[in-house]
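Each of the next two complexes has subunit A plus one more chain, namely subunit B in the first and subunit C in the second.
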Partner chain A sequence: MMDSLYIAWRYVTWNRGKSLILIASVTLIAFLPLALQLLLDESEQQLRSRATDTPLLLGAKGSALDLVMNSLYFDDSMPPRIGLDASEQVDASELAYAIPLYMRFRARGFPIVGTSLDYFDFRSLRIGEGRMMTLLGESVIGADVASKLGIGPGDSLVSSPDNLFDIAGVYPLKMKVAGVMERSHGPDDAAVFVDTRTAWIIEGLGHGHQDLARTGDSSVILQKDDDSVTANAKLMQYAEITADNIDSFHFHGDSSIYPLTALIVQANDDKAAALLRGRYQDHDSYQVVRPVDVVDGLLENIFRIKTVIDGVIVIVGLATLLTMVLVFILSLRIRQDEMDTIFRMGCSRMTMARLLLAEIVIIVAASALLCAILLTLVSANSASLVRYLLLS
Partner chain B sequence: MYLKSTRYPVRFISFVTIIIGMLSSPCAMAAGSVSEKLVVYSVNYPLAYFARRIGGEHVDVHLPVPAGEDPAFWMPDSDTITAYQQADLVLLNGAGYAKWVDRVSLPGRRRVNTSASFRDAYIPVEQSVTHQHGPGGDHSHAGTAFTTWLDFSLAAQHAQSINAAMSRARPAMADVFEANYQKLARDLEKLDREMQRVAGQYADRPMLASHPVYQYLARRYKLNIESVTWEPDVMPDPDEWRMLSRKLQAFPADVMLWERQPLPETRE
Partner chain C sequence: MIAVDSLHFSYPASTFRLSIPEFSAAPGEKLAVIGPSGSGKTTLLNLIAGISLPQSGRVFIDDTAISDMNDAARRNYRIAQIGFVFQDFRLLEYLTVLDNILHPYRISGALVLDRQVRERALALADSMGLGDKMKRHPDALSQGEQQRAAICRALLPEPKLILADEATGNLDPDNKSLILDLLFERVEAHSATLLAVTHDHELLPRFDRVVDFHDFRASGA
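Let's look at the complex of A and B:
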């Protein structure tokens, strides 16, 4: 058998072009469904684990999928907003505790997530470098943000303008980076976290400016009497919150309607969760969803698509196998003289069959090896590949 | 000696001891976590006092305001804010007291607004200038009076909130906290009655206050108080004396409340 393998090996290496094409075809046919399965398993694991860790989400009525994808994976989908009073209502129910989320703005391509410090406890996120944000205007960034932008504690990040062509829109805010989170291998690694009030300042609901009642610069005053002062457009609003100007920052309007995109609702127990879901079942403005249900629905659709892809792969695989058979039959015809010579030298038909079988074994073995290497690479990078291909 | 002479070898006894030790260690750890002191950070002295009275030896109460600083207008540094962030409970006064609270990040779950239950009883502060800029329209930075504890009935409600928050944080100690709170509530009730008796002697009698911080005291005990803004350790300037004279013509007060002893020259 070793002799047959050696002669087959010599043949395969002599006809490199043909052998490489065959190896590539077999490799791809084996690799594609296996790699797809690996990535789907990883995406299922990633999607489900985060969804399972998040018991309930409260948001505005609308697409539950947008709400979950935005709140859990910080994707670009923008669910309708809810007011801060929704959070107060949940807390007042004494059935659960609400963690606010407000995700609308970005800084250098990364999502700015407005939340409270409870979020970090909830997700078991720890500071790796620097410290937790303490003052308004400070941020803590995920490990990917730090490594990709090359920034760390003490540096600054500027929020991106809402709309490049809307000159009267949201002012960019320069945010100090207070700390960098330890890598969590999840969407939190690629997020910029700020206090919800900092996000509202970016939104323009809060701002800081010189004290109009005490300013010596009369050119900023349009009108002044005992009860009111009206400033003109010259009044500069601070674009960065510092220790010197933080006292001047204030919010306007009814705080109960300050916007949020979602609430992570931590119910006291299963009974409280059921009661809370019942209360919001027919609510006019809000919905309470179990992220794991929404993600399971999404995965069901993904697996339905996978069945179609599997079918296509089976047909392509069959076509490749038939092509391989054809290649071997044709190569036998081309090698007719070679076969005759071997036959005249005294080799039996069985020996010739063994030679052909050895060639097939070598090609399949080479394909299996290549496929294993590629699958190992995919497997090693499946988490980041899934985040890049499916969840980004 | 006994072990050697009986049917149980020492190795077996050691094995049983280790197993019992392993089984009891989680209980010991659990007991340890329950008896661990509750770390409480407060924004002012009254709340810190109530927390100490209610928690006793089971709480570690901190009020990191440096001596000489007014807790209502103090701004903590980053290290102090971090300490507040890491506390088991952060006791806030509410009613706009300690403005720094609105400018820092504190964990919502461990933050307790001890006056939330009587939010409707806050006294709005008048005389604030409105201003206008940008598209937001008129607005003012008016707030509410924040020295809520000067009304002892409200002080008892602060204490009740602290008791509830501590009991939620340490359910195993709830009975102890409740008993301590009841004692404190009785003391505050006694003070309230005493204050009503004393204030009854000054009913409708015009009184001046060195600072506009006695709104709750005046409302609860029916005192007729008007305020200036004088510091006890600073001699008022001639303008302030003139303004006082004008005020006294319309409001003939012969008693003035100070948060501490004024300078002898001022008193004379």
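Let's look at the complex of A and C:
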């Protein structure tokens, strides 16, 4: 067999173009379903583990999938908002406590997640460098954000404006990075965390500006009486919260309707969770969902689609196999003189078959090796690939 | 010694018939086989090599009846005892000159490829003027060099019989003469028998004997 392999190897390397096309075809047809399965397994694991870790989510009525994907994986879907009073209602029920989430803005491509300190305990996130955010305008960033942007504690990060051309829209806020989280190998690594109040300042619900009562610049005052002062557009608003201006920051309007995108609801026990779900079952404005149910539904759809893809791959695989057979048959025709020569010399048909088999073995072995290398690469990077392809 | 006795052959579904009552060649003898196209010259070579089997009659090489052997025995006998030289050389483009020369040893269990064989191949190629071309592929050789490589391949197993089918047909006059010289030299050195089909009547005086197919009864071609 070694002689056959040697001759076959010479043939395969001499006909590099044909061999490479065959190897590429076989590799792809083997790699695609295996890589897909690998990525699906990883995505299932990632989706389910985070969903399982999040008992209940409360959000506005609408798409449960958008609510889960936005709240758990910080994707771009924008579920309808709920008010802060929803959080107060959950707390008042004494059946659970609520962790607020407000996810609308981004900073240099990374989602800004407005939440409370409870979130970090709930997700078992720990500070790797620096300290936890304590003041308005401070942020803590995930490990990926820190490494990709090359920033750390003491640096600043500016939120992205909603619309460059809307002068009445959301203005960027320069946020101080107080700390960097330890890597958690999840979506939290690629998020910028701020207090919900900081997120509301980005929203424009709170702001800081010159103290009109103390300013010596009369040109900024439009109207002044005993009760109120009205400023004109010259009034300087702060785009960064510092120790010097933090006291000037304040909020306007009814705080109970300050926006949130979801609440992570941590029920006291199973009974409390069941009661809470019952209360919100027919609620006009809110819904309470079990993320694991929503994710299971999503996975069911993904696997249904995968079954179709598997079918397509089987058909394409068969087509590739038939093409390979055709290539070998045509190759045999082209090599008829060679076969005739070695037959006349005294080579048996079995040896001829062994020569061809050796060529197939080399092609398949090279494809298997290439496929294994590619699968190893996919496997080593499956977590980040899934986050990039499916959960970003 | 090659002997053919009362040989009759026909192809299925063909009117071609070949009958050779008697024919023999001694060791070291160099025979030219001539005759018109389609008269059965190549068929005779195939019958002698055991590639085709006669309907009746026998072919002997050194008292061994080739036509009586089974398929595997004929193949093994052929690769070890019969060397083929073709008009179009039939070298494999994807093998180097050395690998082409060693090729019979790699396609049959009847021959064993060892260090001595490799050394013999190098020496043979060197004596044929191919010593510095062993790592080249056939497409990098001239036609004369390709035929010399093909002769090395035929001679390496030291066969008793060399069957050359228009071996000089594709060569220029200088190369024809050179190839024939080399072939004759090797045949004499190994006391082999050479049976060479040729259309080139200028070369006939160089052979010991000429077998004219007009002497045999071939019909229907």
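We adopt the following convention: the second predicted complex is superposed on the first by the 391 of 392 C-alpha atoms of A that agree within 3 Å, B and C clash if a C-alpha of one lies under 4 Å from a C-alpha of the other, contacts with A are read in each partner's own complex, and residues count from 1 in each chain.
Criterion: a contact is a pair of C-beta atoms (placed from the backbone, for glycine too) under 8 Å apart; a residue touches a chain by one contact, two chains touch by 3 or more.
Keep in mind it's a predicted model, so treat the numbers as computed, not measured.
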Exercise for the section: Tell me which of subunit B and subunit C touches more residues of subunit A. Expected result: B
Exercise for the section: Look at A:T351 in the shared chain and tell me whether it touches subunit B only, subunit C only, both, or neither; answer first, second, both or neither. Expected result: second
Practice task
May I ask you to decide whether A:D293 touches subunit B, subunit C, both, or neither, giving the answer as first, second, both or neither?
Solution key: neither
Practice task
Could you say whether A:D76 touches subunit B, subunit C, both of them, or neither, answering first, second, both or neither?
Solution key: neither
Exercise for the section: In the overlay, answer first, second, both or neither for which of subunit B and subunit C A:S116 touches. Expected result: first
Problem - Which superposed partner A:D269 touches (first subunit B, second subunit C, both, neither) - result: neither
Practice task
For A:H250, decide between first (touching subunit B), second (touching subunit C), both and neither.
Solution key: first
Exercise for the section: Kindly classify A:I342 by the partners it touches after superposition: subunit B alone (first), subunit C alone (second), both, or neither? Expected result: second
Practice task
Give one of first, second, both or neither to describe whether A:T134 is in contact with subunit B, with subunit C, with both, or with none.
Solution key: first
Problem - subunit B/subunit C common contact set on subunit A - result: none
Completion exercise
Seen from subunit B, its contact residues with subunit A in the complex are 75, 78, 81-82, 85, 99, 102-109, 129-134, 136, 138-139, 141
Practice task
Would you mind writing out the residues of subunit C in touch with subunit A in their complex?
Solution key: 49, 51, 72, 75-80, 82, 84, 86, 88, 90, 92-95, 99, 103-108, 110, 113, 137
Problem - subunit A residues within the subunit C interface of the complex - result: 3-4, 6-7, 10-11, 13-15, 337-338, 341-348, 351, 355
Fill in the blank from the handout: In the complex, subunit A touches subunit B at residues 97, 99-100, 116-118, 121, 131-136, 138, 195, 197, 209, 212-213, 226-232, 235, 237, 246-247, 249-250, 252-253
